Amino acid sequence: MITLISDFGTSDPYVGIMKGVILSKDPSAVIVDITHEIAPQDVAEAAYAIYSAYRYFPPGSIHVLVVDPGVGSHRAIIAVSMAGYYFLAPDNGVLSLVLESGNVDFITTVENDSYFLKPVSRTFHGRDIFAPVAGHLSNGLPIDRLGSEIKTDNAVHLELPMPYQSQTGEIAGTVINVDRFGNLITNIDHPFIQKTFGLVSERDLNISIGTHQIAGLSACYEDAGSQSLLAIVGSMGFIEISVNCGSASEFCKQTRGSVVSITAVDRK
Amino acid sequence: MITLISDFGTSDPYVGIMKGVILSKDPSAVIVDITHEIAPQDVAEAAYAIYSAYRYFPPGSIHVLVVDPGVGSHRAIIAVSMAGYYFLAPDNGVLSLVLESGNVDFITTVENDSYFLKPVSRTFHGRDIFAPVAGHLSNGLPIDRLGSEIKTDNAVHLELPMPYQSQTGEIAGTVINVDRFGNLITNIDHPFIQKTFGLVSERDLNISIGTHQIAGLSACYEDAGSQSLLAIVGSMGFIEISVNCGSASEFCKQTRGSVVSITAVDRK
Amino acid sequence: MITLISDFGTSDPYVGIMKGVILSKDPSAVIVDITHEIAPQDVAEAAYAIYSAYRYFPPGSIHVLVVDPGVGSHRAIIAVSMAGYYFLAPDNGVLSLVLESGNVDFITTVENDSYFLKPVSRTFHGRDIFAPVAGHLSNGLPIDRLGSEIKTDNAVHLELPMPYQSQTGEIAGTVINVDRFGNLITNIDHPFIQKTFGLVSERDLNISIGTHQIAGLSACYEDAGSQSLLAIVGSMGFIEISVNCGSASEFCKQTRGSVVSITAVDRK
């Protein structure tokens, strides 16, 4: 199984062409689109997308990421074996969150052009390198044939915003994504809240964004009135700010990068 | 075969994650997207989509609908066996049109959490319940293992606008959908016209929407001049108002919910 | 393998319904979307899309195009065997570029309604004709069963803009497509430049669009500064005008149909 994440969109034939090349190499490959609507060149958005998705695919799946503003330059392409999955991506940090989330077995550069489509174009390595290499991996090619092993520490690392406890005690986090529903997905997860505040009840958390205050976490969207603001533990374990049957992004006029803070009520 | 309808859009990784879960349960499943662009929480739009599509899939197909504003609340999830197909959906009326269109064999709640992905999140039952249950059904799990049988009449019913004959004799209907081309799809079908007016010629029907009058039905779009308004029997058997090589929605400044009326010329 | 190009978009269930019909005829068919975001009725855009994509699929693939403003009229549907591929499309010129790019083996009208879904609707031949015929071809139906052979010259030909050398010596071309990244894809390819100017160095070409001048071709996007304009040989061999990490379309305020000219520096 091969999954695809890119910033190609679905209006142009680019994604279809990549699938044609993959299936020319391995006609039995099952290809699943994770998303092609990453904002152009937005490596961080793609890093979150693959981090949230990769574990839900069968072992052996090959995850291919083509968000690649450096295409055709001297940036490397890397292939990774980790946690029973393969990953194929430009070495631009798009795999940062994945690599931090498990034990890497092997990383190699992708340089052996006998697995490329030739001539390699200047602008579309998705077609000429990523797709045929994914097809070869899917056919059983050992990953160490692709290039030279590198150390995990030598892969490009992307600095992504992390939550922290401020001097005044509250958790300071960031909106890392806004989904189609307008949910504001933060980088604050439940373990971090517990580490900071101890075993605090969800009722005793106060969440602030912009001028809005939310008291406690909800068990479901309908716990809040229709069109009302709420906070909830989202499907990836991060705190999300939502509006029941509406868009929190529009309601709060907040977006990716917005600051979110959480305090705990002192019941002493 | 498993089909998917949701309001998840295709920008976020949600749909890809669902496919990963399905294929983890049944690697041989063939998954077809019907649409993921249902407007957020628009149960009625999804009800029309599945109604127009389900018959065109091979017998045994499993149709999965995740338009689910009540996710995480006490709303039930139901699985239906009907007309050789399976349907899996929240019990919020999204299957109303389907259930009216055939003879239901069996409906059950979906409660047996041994078929769920755990822990079940508060916000993404598509991943944690719908996808793994669809995978199990695809693997041959008997539908009666999922929960407790319920009667068709006890499933939530959505009141959708129906056409009627007004006191002055004309058919009064509603635009139920506007497609990408700007076609205004009404809820008035040909059998209803015949029931109301008898065996009237298509030429003798007058269709009104807003300030616009259309004389007769067209045999094809090109029957009208370029950029001209026309009415035609659409692919689902409903009367549609279209503009040849243009958008009837823009031309008429009408949209979903707009009133459409049809009269028959009296040739006596 | 069956590929699909249409102007149906992905919001409506039309594409999913076509896939259901195909898979009802041939459950083992692998279906790949090339794009469904062709602008409504834009036959030329679809002609470029299939031309850029068809070679990248395995031999024997069946390419289906449904951009069909004449649906239901007397326009013909044709099936083509060429270069090891099959093509199925309305006879409206959408295959013009494909047919010019290779040696046609066989063209037939598609008229044998024993392979159609009946009753054939007035508005959705994608479902009623294209999909079932594609399924039958995928099942091994000989193409000559579909209708009557026609000569290549009798297929409708679309006049698409071609580059030429003006009286003052420069190459005059046109932007034929703008992709998701805002790249302006011209109709000027490298062989045409060589034919016009001889063996000129890429450095010695000057590309003009609107009020903008670009000196030389780039080897990759990063060769230009961030947000800077550049010209590059794109993945289909055509000259493209791009902005590194930005949109050339927005930068230059140019779009499809815009004039592009290229001159060669005289080093004598």
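Per-chain residue numbering starts at 1, and chain names A, B and C are given in the order in which the chains are listed.
Definition applied: a residue touches a chain if its C-beta (ideal position, glycine included) is under 8 Å from a C-beta of that chain, and two chains touch if they have at least 3 such contacts.
Because the structure is a prediction, the values reported are computed rather than measured.
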item: Shortest chain-hopping distance from chain A out to chain C; value: 1
item: Interface composition of copies chain A and chain B: same or different, split at half; value: different
item: Chain A-chain B separation of Cα centroids, rounded to whole Å; value: 32
item: Residues of chain A engaged with two or more neighbouring chains; value: 10
item: Chain B residues touching chain C - in the complex, by the definition given at the top; value: 1, 3, 5, 10, 30, 32-37, 49, 52-53, 56-58, 61, 177, 179-181, 218-223, 232-235, 240, 242, 244-245, 247
item: Complex contacts: residues of chain C adjacent to chain B; value: 7-17, 19-21, 23-24, 27, 40-41, 69-73, 121-124, 127-128
